[in-house]
Structures are given as structure tokens and as C-alpha cells.
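Look for chain A in each of the two complexes below; its partner is chain B in the first and chain C in the second.
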Partner chain A sequence: MDYQFHWNTVFQKMPEMLEGAFVTLHVSILSMLIGIVIAVFLAIVKMNQIKPFSYISSVWIEISRNTPALFQIYMAYFGLGAFGIHLSPYVAVLSALIFVNAGYLAETFRGGFQSIPKTQYSASKSLGMTNFQSYWYIILPQMFRRIYHPMTNQFVWSILMSSLGILVGMSELSGETQRLQSLSFRTLEFFMVAAVMYYIITKFVLISASLISRRLFKGEI
Partner chain B sequence: MNLFKKLTICASLVAVLLPTVSSADKLDDVIKKGELNCGVVLDFPPMGYFDKDNKPLGFDVDYCNDLAKALGVKSNVLNLTWSDRIPSLVSGKTDVVIGSTSDTLERAKSVGFTYPYFIFKFQVFSKNKIASFDDLKGLKVGAALGTTYETEYLAYAKKHGWGKDNYTAFKSENDAFLGLFQGKIDAIITTNTNIATKLQTKEFKDFSAGPFVPNYDDVVGLIAKRSEVSWINYLNLFLIHQIRDGNMNKHYNTHFGADAPADLIQALRDNK
Partner chain C sequence: MINIQNVHKSFGDLEVLKGINLEVKKGEVLSIIGGSGSGKSTLLYCINAIEKINAGKITVDDIDVHDKATNQDKLRQKLGMVFQQWNSFPHLTVLENVALAPRIVKKMSKDEAIEIGEKELTHVGLGDKFDVYPTKMSGGQQQRLAIARALAMRPDYMLFDEITSALDPELVGEVLDTLRVLREDGMTMICVTHEIAFAREVSDNIAFFHEGIIEEMGSPDQVISNPQKETTQKFLSKVLS
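Now for the complex of A and B:
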């Protein structure tokens, strides 16, 4: 290969790339947190057949799991734009990621709920707990323990998929990299550094997740 | 001599001979291959676009065909986005990119530029008429990602303390126009040539072309791999001939509906 690497061009732009990396981390954490809350709701209404929410939940899960994230981001940005609803690139990507995360996690959570013996529900009811209390104190803590690892996978997925933000001009790590490489045309170098940064971000998230799980679940997982 | 030894000798002979064989340069390669892979940005009318039968058309496409004709080979036009231009050269998918590439000194460290082949002005395009460039302050402005007008706008915004918050980047030229059409942004910055074409469509006929980006001429060249010096020499001579033989003026007439301005031709002749 007759290609000469110019690494210093990339290092000069490091602050801007780090800024982009921060946005990536930011949008994926936020989409994950909100996604979890919605997913719990979707899973519970779907399992208990609470109408009409269970219909909404089924439709949500079907669409989010069976269409590409790229399409959803485009719909949130240009699709809603056609109806005069204008989301900023950040909000469009965030809402698309929340939509997908919630859909996927709802199915994961449903599996988690169903793996918990029915006797746990009955036992909490016999202690005089309300529905909310039995979920909050008995079921959810056990469920999260079981689905903790699939949930971290979903987290990694949202970090990587946030790179689709480039489609709607969001300045996260990929978008920023794209912009910087167009100034100097040092495409290969910029994207290699971006890849390393993605690797570091996901490793960082995975390691923190396992530290948190050790603390929360006292090594029982 | 056993088979293994024979193979080893063969392999080492090939290894010694290969470098001399492959020293044929790009110009030879293209002629031998009988095909010119020519990258054009096809969402940038009238330089490059698709006609209603989905066939590539435009000023840049005509240049590709002229170049292929001069070389006596078949022309193969490949559709690129702005940001595909360099990767396509590095990976060898294209032999030359005729894609309105601004010849900055920063980029010339990475790719080889020919002499200029066109000069654009950057202009504001909006629904409500904008009188001066400074009126963009506080308005939502967009442009296509990875273009020189994006860089120019951001530099201007930074100098005047407008910040980046009002700026939206779009993946392609078409997306930028779509964003403007939907009202996501108040104005976009693009080239005067693109605006002139868009004003003739029914979607954009009520929009108006605003001020030019101050003190900036966008001088663009063809690009090829930086190391292919003799190939770039050939391309330079080709560009000179395009003007000398009247092809440049002919294509300008086809796509802009008028003769090429004398100052444009003179500037290209002077390479500035």
C-alpha cells in the first residue's frame, strides 16, 4: 500500500473529537435510561393484557424490532418534518434510540418477568402488598438481576447505533469525524482514531456495568 | 529438485519481477483496462445529477465522457457523496474524481489536485429574502456536511461570535434542500449554480437567492491519487484542451443556458 499516514493532523483536532465522543456517550446513556423506564411499562402491560395499552405495546415492539434504526432516525427527522414537527438532530436521534431501546428491552424484560416463579407474586400478595409494592420490592429487583447482561448488550448497541446520527447531521463522534476529515481529507486516520474511541467508550461502559452489578447484586449474578 | 523447491523458486522470481511489472502508472492502467472509473457527485445540479430516466447527467459527467473519449476508453460514471470522494480514490474504486473539489492547501497534503476547472460563488438561499450575509445572525442555517461552504460559514460564525447552535449539517445536498423546504432551517448555503437550477423547480420557485459569502471564490479542481503525478499531468493538459477546443464553453452552454463568462474562462486560463 502506498499510503502515508499523517497522524498529527488528527491529534491537532483531538479536542473536537473528544467533544463528539462526549455527545455519543451522553445520547446513549440518556436513551438507555428513558428506554428502560418505558420498557418496564410496555412489558408489564403486554404481559397482563391491560387494554388498550397492550395493543400500543405490541405495535411499539413490532415496529421497533422489525425496522432498521436508520429508518427510524430518518423518520424522526425528515418524516415528522413533513408534518411540520421539527426536532433538532439531537432530539431526533435520541427519540429514535429511545424507541428502539424500549422495544427491544420490553421483550427482554418480559422474558425476565416470566422466568420469576408465580409463587413470588402470590407470596407478596399474601403479605398484603399492593400490585405496585409487589413489583417494586419483590419482582423488579429479581428481574433486573436476571436480565442484567442482555441489558448491557443493548447499551453497547445504542452506543454504536448513535453513529447513525451522522445521517441527520448530528455532531456526535461519527459526525464530527466526518466533518474533520473533509477539511484535510485524512479519511483513514480520522476514522481509525474514531474506531479506537468507540472501542474505549464501549469498554468503559461494560466495565462500569460489571462494577455496578457487583455492588448492586453482591456477586450473585 | 522436489516440487517444494521449484515452487519456492517460482515464488521468489515472481516476487522479484512483480514490482517492475506493476510500475505501470495510472495512465497506463486506464488505457490498458479500457475503462475510466470516474467519480461524480450526482446530487449537485447542474454539475452532476440524475435525469428523469435515472441516467447521470451534468457538466461533470460531460467532462468524464470527454476525458474517456480523449483516452480512447469507455467512461464509467460512479455516483459519490461529498465525503466518499477521497475514500473512493484511496481504495482504487475511482481513477479520478470530477466532483467540484475545492483545492485547499490542507487537502492538497492528502490528494493530488489538477489545475482549476471551475469557479463557484457561495450563496445564501432562503424563503424570505436575506439582504446581507450579516443578517444570518440568529437565523437557523444549514449546509451539506463536509463542504467548503460549511467550513466558510462556521469560520464566519465563529469570527462574529454567532456560535454553532444555529447551524445544522445535512448528509447530502438534497437533504439540505429538503430541510429548507420543510422549514427546519431558515436558510442554506450552497453554490450559485445549484441555486440557479433549484429556482427553476416548482418546489423552490418562491424562494430567493440571497447574498454571497463575502470574499470567497470557490476554486475547484479534479482530484486523483497524490502519487500519480504523470496521471495528474495528463489531466491538466486535458483541462487546458477543454477550454482551448471549446468543450468547456459548449458544456457551460448546455447546463447553464448561456456562454461561459469571459472572466471565468480567463481565471481558469490563469489557473487562479
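Now for the complex of A and C:
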């Protein structure tokens, strides 16, 4: 092995790498926000057996949790393309991530909700609280504690999985890295820097999440 | 006054209450004893409208509990309830547990709610626990917290559903002592309990439940010391032995 590392090329392209990292964050945050909204809907229709939405919810949850993300991105980009629906790489990756996030989070929400004992609800009702007050002050805050860490993990997962954007030519961090290395042939350097950037981003997310949770959740459950 | 007239209640095909008649006047203490599955808890849930009834009528201060026009959330403010399984709100401190409902249900100011909370907690002997989280406390302490939480709503009646049954034996005494204090205060109470000696000491009336009906009812002397029905005698000899 007499590989010579040349870091200069990489550092010159740092602004473009950072732009890629920005797109990575952008797509994963957006996929979480929209995913959460859909997941709440999927979880509610499933728990209350609201037909026909509960069927759609079950199928959505099954497919999203049991097929590879790679497959989903291909479906969104090439699959829909075959039917004349042409999504940009960004929208294709975003849709695939939303699809998976919504499926996983729906199950997280359902499990979190069901883990709150029914007696918490009777106890709050017996104090004269309305349904809304029981949920708002008693059930949801406890549920939020239980889904907080799974949600953080899902966010980290989204950041890492968005790197599959490389396959459809999306210019997020991995896609950008791929393009830049092919121009300069400093493949190893570029991907090593990209890996460090992913690491820093996910560590930053995890550490912030844990600091926030310490402020947010004082009591123990 | 709580008035219960010919109340029937079924879960599906299972008839759990088969025509219950009861009356609890202001200031009275009624204890309900009876084997497990005899419908004691169900009756309490029907009184505070957590469960519907199939037939009959329950009134609390002349308000028909199950009438469609009745605001049940408002009615429950009159009826404090403490459950067998302690269910403190684990995400709130002890003081917040007690002060929450006065603030959001009764719309008291924060200061007022806190003042009431501190007063009720001190009343049940938890004056040194305001900022503790309930999961750090013993079952007995959590049951006393549940009592304080209910009292903070200034209810006219208290319903207790076997509140010492899930406690370690050494913690039962402190909770019963709290109930004795309420009795001294003149609180109107319905206590479902297996503590026969306690029931006999504090109750004006005792009702013995058996398979969804009231087998025997009367003063502690009548029901505990001179039970007339064989089922009552059997039950008492079993729990007293």
C-alpha cells in the first residue's frame, strides 16, 4: 500500500460538501415533520379501527417496515417514472423517507399510547377533567416521554438513509461526495471526510436530544 | 345525599349488578364488603359515571348521574375517588399532582391551587414531599397522595375502592389512619374494603355484596357481629380467620 493522501482537493471543495450536508439535514428534517403528521393519522385510524383507513394504515405500516429503503427510493424514482410520474431526485428521496418514517412512527405512537395505563385516564376523569384535559395534561405528556427517544432514533436513521440519494443522483452529502470524487479521483479522502461529517451531524442530533430531554422530563416514569 | 334505586348493570351477557338500592346521607360512612367479583367496584364506577347503567337510577344531591342532560365532568367534582391501584401522575411532582385539577378544572389561580395543594398534602402527612416525584414514594404514600388529590377538589363525597388492598401490610395502617382523619372531618364516604375491623370502627352502615345483590345491610353491629344470612357468615368467617 503506497496510497498518498491528498487532502487539499477535499478542503477546496468544502463549501460544496457543506451544501450537500445542508441538503441532507433539510430532507431528513422535512421527512420527519411530514412523517410525524401522517404517523399520527395512521396510528389513530388503526387504534380506532376507522374503516377503510385502518386497512390503508396496516398495509402502509407493513410495507414500510418490511422492505428495504433502497427499494422504496427506487420505486419512488424509477417505479413511478415508469407510470409517467417523474419526481426529482430530491422529491423521490423525500417521499421514500416520509413513507418509512410514517410507518415506523405510527407503530411507535401506537405502542406509546397503549403503554399508558387506562387507570391514568379514569383517575383524571374522576377529578372532573374533560376528555381533552385528560389527554392534554395527563396522557399525552407521558406518551411523549416514551416516544421521544424512538423519535430521535428515527431522525438519525433518516439522516443516514438519505445517503441512498446517491443512487438517484440527488445532491445531498453522499451524492455531492460522489460527484466531487469522480472529478478529482480522491475517492478515499472525499468519502472519509463525508463519513466524519455524517458522524458529527448524528452525534450533534443525539447529544442535543439528550440535553433537551433532561430539561423537558424531570420526573421519572 | 347519594341515592341508588334498583340499579342494574351488565357487561355483555354478564349481569354484575342485579338491582342495588342504597342511600348515603351527608356525613355518613358506608362500607361495602363482599367477595371479589361481587360488583363492588362496578357500583362505584357507576356512581361517578365512569360506567353507564342499564336500568335504575342514581342521584347525587338530586342530580341524575346518568341523565343525558347531566354534565358528568362537572358532577365528578362533587365525587372524589381513590382507586385500588395507586395512580399518581408520574410526570408531575407530588404538589403538581394535587394542584393540577383545582387549577384547570376549577380555574383557580396558580397560587390558590398551590395553597390548597400544600394544605391537603399536609393534611394527609405528606407535607415534606411537595417537590418529590411520586414514583419515588411508597405505595402507602402514593395512596395518601391520591386522597389529597381528590380532596383538593373539595368534593362533597369520597369513594374509596379497596385502597389498601394492593399495599404491603406494613403500609396499610398509615392509609387507614388518613381515612380516620376524614371521618373526624365529617366527610361523607363510601368505602369498599376488606379491612373488616376498620369498617366496623368507622362505618354508620355496612353493606355486604354477594353476586350483584346486597345480601345484608345495616349497622356494623348487625352485619358484622350478628349476620343473619349464611352467605354473610361464611364470608366473614373466611376474611376474619
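Here is the rule we use: the second predicted complex is superposed on the first by the 197 of 221 C-alpha atoms of A that agree within 3 Å, B and C clash if a C-alpha of one lies under 4 Å from a C-alpha of the other, contacts with A are read in each partner's own complex, and residues count from 1 in each chain.
The rule is short, and it goes like this: contacts are C-beta pairs under 8 Å (C-beta built on N, C-alpha and C of every residue); 3 or more make two chains touch, one makes a residue touch a chain.
The structure displayed is predicted, hence computed values, not measured ones.
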item	value
First (chain B), second (chain C), both or neither touched by A:129	second
First (chain B), second (chain C), both or neither touched by A:68	neither
Touching partner for A:6 - first (chain B), second (chain C), both, neither	first
Touched partner set for A:187, first chain B, second chain C, both or neither	first
First (chain B), second (chain C), both or neither touched by A:84	first
Touched partner set for A:171, first chain B, second chain C, both or neither	first
Interface residues of chain A shared between complexes with chain B and chain C	none
Chain C residues within the chain A interface of the complex	48, 50, 73-74, 76-77, 79-81, 83, 85, 87, 89-93, 100-101, 104-106, 133-136, 146, 149-150, 153
Chain A residues touching chain B - in the complex, by the definition given at the top	2-3, 6, 9, 78, 81-82, 84, 86, 88-89, 166-169, 171, 175, 178-179, 181-188
Touch list for chain A against partner chain C, complex	117, 119-120, 122-130, 133, 137-138, 141-142, 145, 217-221
Residue ranges of chain B touching chain A (in the complex, touch as defined)	82-83, 86-87, 90, 104, 106-107, 109-111, 142, 145-147, 150-151, 164, 168-171, 175, 178-179, 182-184, 227
